[in-house]
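Note that subunit A is present in both complexes that follow, paired respectively with subunit B and with subunit C.
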Partner chain A sequence: MAEREAGRQRGNAQWAVIDTGLRDADENMALDHALMAAVADGRLGASFRFLHFRDCALLGHHQSPRQELDLDFCAREGVQVQRRLTGGGAIIFDETQLGWELVCRREALPAGDMSFLAQEICEAAALGLRQLGVDAQFRPRNDIEVEGRKISGTGGIIDGQVVLFQGTVLIDLDIPRMLRILRVPLEKLDAHAIQSVAERVTSLRDLLGRLPSKAEVKEALVEGFRAHFAWDMCETPVPEVLTTYLPEALAIVRDPEWLQLQDRPRSEQALLQAVHRGSGGTLRSELLWDERGKRIRQIAFSGDFFVQPRRAVLDLEAALRNSHIEDLPQIVERWYHETPVDALGLQPSDFVQVVREALPCA
Partner chain B sequence: MECNGCEFRAELYYDKESQVWARREDDGTLTVGMTDISQSIAGKILHVRVRRPGTRRPIGKPVATIESGKWAGPVPNVFDCVIELANEDVLEDPNLLNIEPYEAWIARVRPVASLEVALKDMVTGDAAFEMYKARCLRDDIHCERGMR
Partner chain C sequence: MGTVRGCEIPEDLMYNVENNVWLRKEDDGSVTIGMTAYACALAGQIVSYTPKAAGKDIKKDKSAATVESGKWVGPLKSPVGGTVTAINDEVAKDPGLINKDPYGSGWIAKLNPADFAGDSGELKTGADALAAFEEKMNADGFGGC
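And now, the complex of A and B:
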């Protein structure tokens, strides 16, 4: 604990808070490149940026557009498609969401390994969201959640000594639209699909029963980072130096090659499902399967079974995200023994079984 | 040879931060990969992307990018080179970088200048081990191979 405190205190005390306003996805992504380059060149200090987007879909750095998005729908609806510098999954962004990020040299942040650093940053953001009256918490490995439901996704990039770590805040969310963009076909876009997402994702509007202003959310986030790291954060105009980096950065992200950095067929990432009937009830799995890497990219369990607390299943889903199929039994066993689960006859082997039954050649 | 459980191979060349290794090949190319230190810091590696063969990568422009958990990042590049080949096994299963960092090479590249010029800023042998140990101890890095 003392080590943790010492780590926090090692951080840089001076942070410029900037808001680059409502922009198209390409400009926002180009600004990420520009910020990193300016920090790398020593022309910009530690910066905390708020981002606002026009309707768009953002791919994780290593994702394939064809695998993740309904590109025809995006083109028809004028949804811009861009690629992030950071990893993780595809997300949608519109004016009802707020992006935040910090860009700085490594030494401006607490010492420690990369997972510790990600956790520290997520805990600062969660503390900020708690100022708004929601019980936001960091969930190990993935994101910031409220009672098991995701409210903020995060990811980072480290290039030499320069770090960029960014996240979203779902102030409001149009789930059917999100599902359409993230390639859920219209015929499958039923109440079950929408309900399934609503059980796993939430928004400030949903939790507070009102739509908080972006100014309110921004203030809360800054307060969270200030309190968690004891940083001196001061709002400043967008630094002029970025304009020298922006043209080159825009050329990179507007080059079609940027979006096609990864281009893989949909067949390598199939949506699979299975139903397993055990003594504890009927268990259904739906998973996004990476055939090439033999990994579970995403998974959702549903069905007619009893598990208390309800969030335990959501925690298992989070623990299984991006896991190799060989690790499935250990992850499920660990979850079963480390979480106080009351599962009325449902055994760890049932969860393992319903995943394996969904796989090709099971 | 190792330090804090981080394996070191004296016959390879290393950058000053011991992040990447390079091996001289008989045909004048260099094989490059991540060190045990780098794979341990990165954690479980989920994605690797290598630039297309034929692409020139000047100093500082990465040959490859990796992604692990919450973090993405370029694999540092310390010489001007053209990519000749990506390791398909690693592209197929990026986790190999965690399991056997010195067997699981990332790419084979041809230096634009001579091999000697390309390797002039890299260190090998005992001097490299001293540098490698210093990095492990300075940043308190402990290595673990084989994480899935």
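And now, the complex of A and C:
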């Protein structure tokens, strides 16, 4: 709480709200470089940007295109592939989704560590989404979810004293198309896969039963940030100064080296699965396994078991994302003891075992 | 071993305090650089590490590597300019080593400096470094490691 108060005291800067319109992924990513450079040079103040994309897939900064995407499908369908400056996982973007981001100097944001800062920003975005009538909440580490289903993913970069933190809002979502583009921990792209994703991801259209306009979503998000941080936010035209930085930024993101910054084979990130039968039922794990780093990149649990509330399992999946295998027992134990779980015979050890049984050396 | 607000800050190393990086001058004239324990505490568990390749030239205060923790990316800025001579394969396999042993096995890169005397003048060491980190932690509102 002390940090939040400090943050509110520090965060009294004026924020320019800009909308850079519908663009290709390379232009949007170049604008991120340009915004950071302009803020670093003191030529641009705190800025809150809305992003709109033509059909594309965006990789997290440290991800490998071959490991995360169906590149043949992307080439065939004209889906642009780009790399973000920010961390996190690969996402798809099209005209039905909205991106938001803030770019500023560190002192314009609450004091505290990176985890706290991400939480503060996500809580502001969740507050904004709640204005639309959905029960959006922050979920560690950086998701915004509604009843356990993700509606917004986020990620950030801090370069010296300059921060860029960005997120998505799923206004609508084409799950079959998402499954064609992104690599997810599911063996087949069938009805089961679509159902599995639908249990984990949602959209405003799905929740509201109507398609809200982007203007409505933008207004709600700005209101959330304004209310959470007490910021003075004012819509302004796209700053002219960005044109100074854009040519160099475009050259960076269009250089093949940028996309190949990480290029690892699929074999180093295998899709693994296991079935474990215990007294609490049958538990199945499907995971993308980073063999080199010994990390669970993504995981999905399914099977014939009883856990209430159902979202508890989704929270465990979120907590295990990107975790080192050595940390598995502690993460599961912490989840089991911190979450009010009614699991009818399922024990933390069952979840640990079904993950370990999937691994190559089990 | 110096400590500031619970964070180890070895007094025999040199630091760019603003960028939260350390530097050790080796006997052969090369330098080793890495993240401070304070930087690790701010970042949390590090899950990815992408260094600039050996042979690349890096300017002073430009990125020698990027790391990622909890979806945050952070470039590690080299306190001196030079040519990368080695990257840390053990950290590439297990980036969490940076958190476990930031001044030892979790080093980020080794460089042959281009102009060590010219670039290192503003780096802090010993008691000066401890005082500068105390001031930075205060400005950052940091509670402690």
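In the analysis below, the second predicted complex is superposed on the first by the 354 of 362 C-alpha atoms of A that agree within 3 Å, B and C clash if a C-alpha of one lies under 4 Å from a C-alpha of the other, contacts with A are read in each partner's own complex, and residues count from 1 in each chain.
Just so it is clear, a residue touches a chain if its C-beta (ideal position, glycine included) is under 8 Å from a C-beta of that chain, and two chains touch if they have at least 3 such contacts.
Note that the coordinates shown come from a computational prediction; the quantities given were computed from them, not determined experimentally.
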When subunit B and subunit C are modelled together on subunit A, clash or fit: clash
First, second, both or neither for A:322, with subunit B first and subunit C second: both
First, second, both or neither for A:159, with subunit B first and subunit C second: both
Partner chain(s) touched by A:99 [first = subunit B, second = subunit C, both, neither]: neither
Touched partner set for A:128, first subunit B, second subunit C, both or neither: neither
A:88 touches, of subunit B and subunit C: first, second, both or neither? both
Touched partner set for A:115, first subunit B, second subunit C, both or neither: both
Contacts on subunit A seen with subunit B and repeated with subunit C across the two complexes: 60-62, 85-88, 113-115, 118, 141, 154-160, 261-262, 292-295, 322, 324
Touch list for subunit A against partner subunit B, complex: 60-62, 85-88, 113-115, 118, 141, 154-160, 261-262, 292-295, 322-324, 326-327
Subunit C contact footprint on subunit A (complex, rising order): 3, 6, 60-62, 85-88, 111-115, 118, 141-142, 154-161, 261-262, 292-295, 322, 324
In the complex, subunit C residues that touch subunit A: 18-19, 41-45, 47-48, 50, 63, 66, 68-75, 77, 92-96, 140-142
Residue numbers on subunit B that touch subunit A, as the complex places them: 41-43, 46-47, 49, 65, 67-74, 76, 92-95, 148
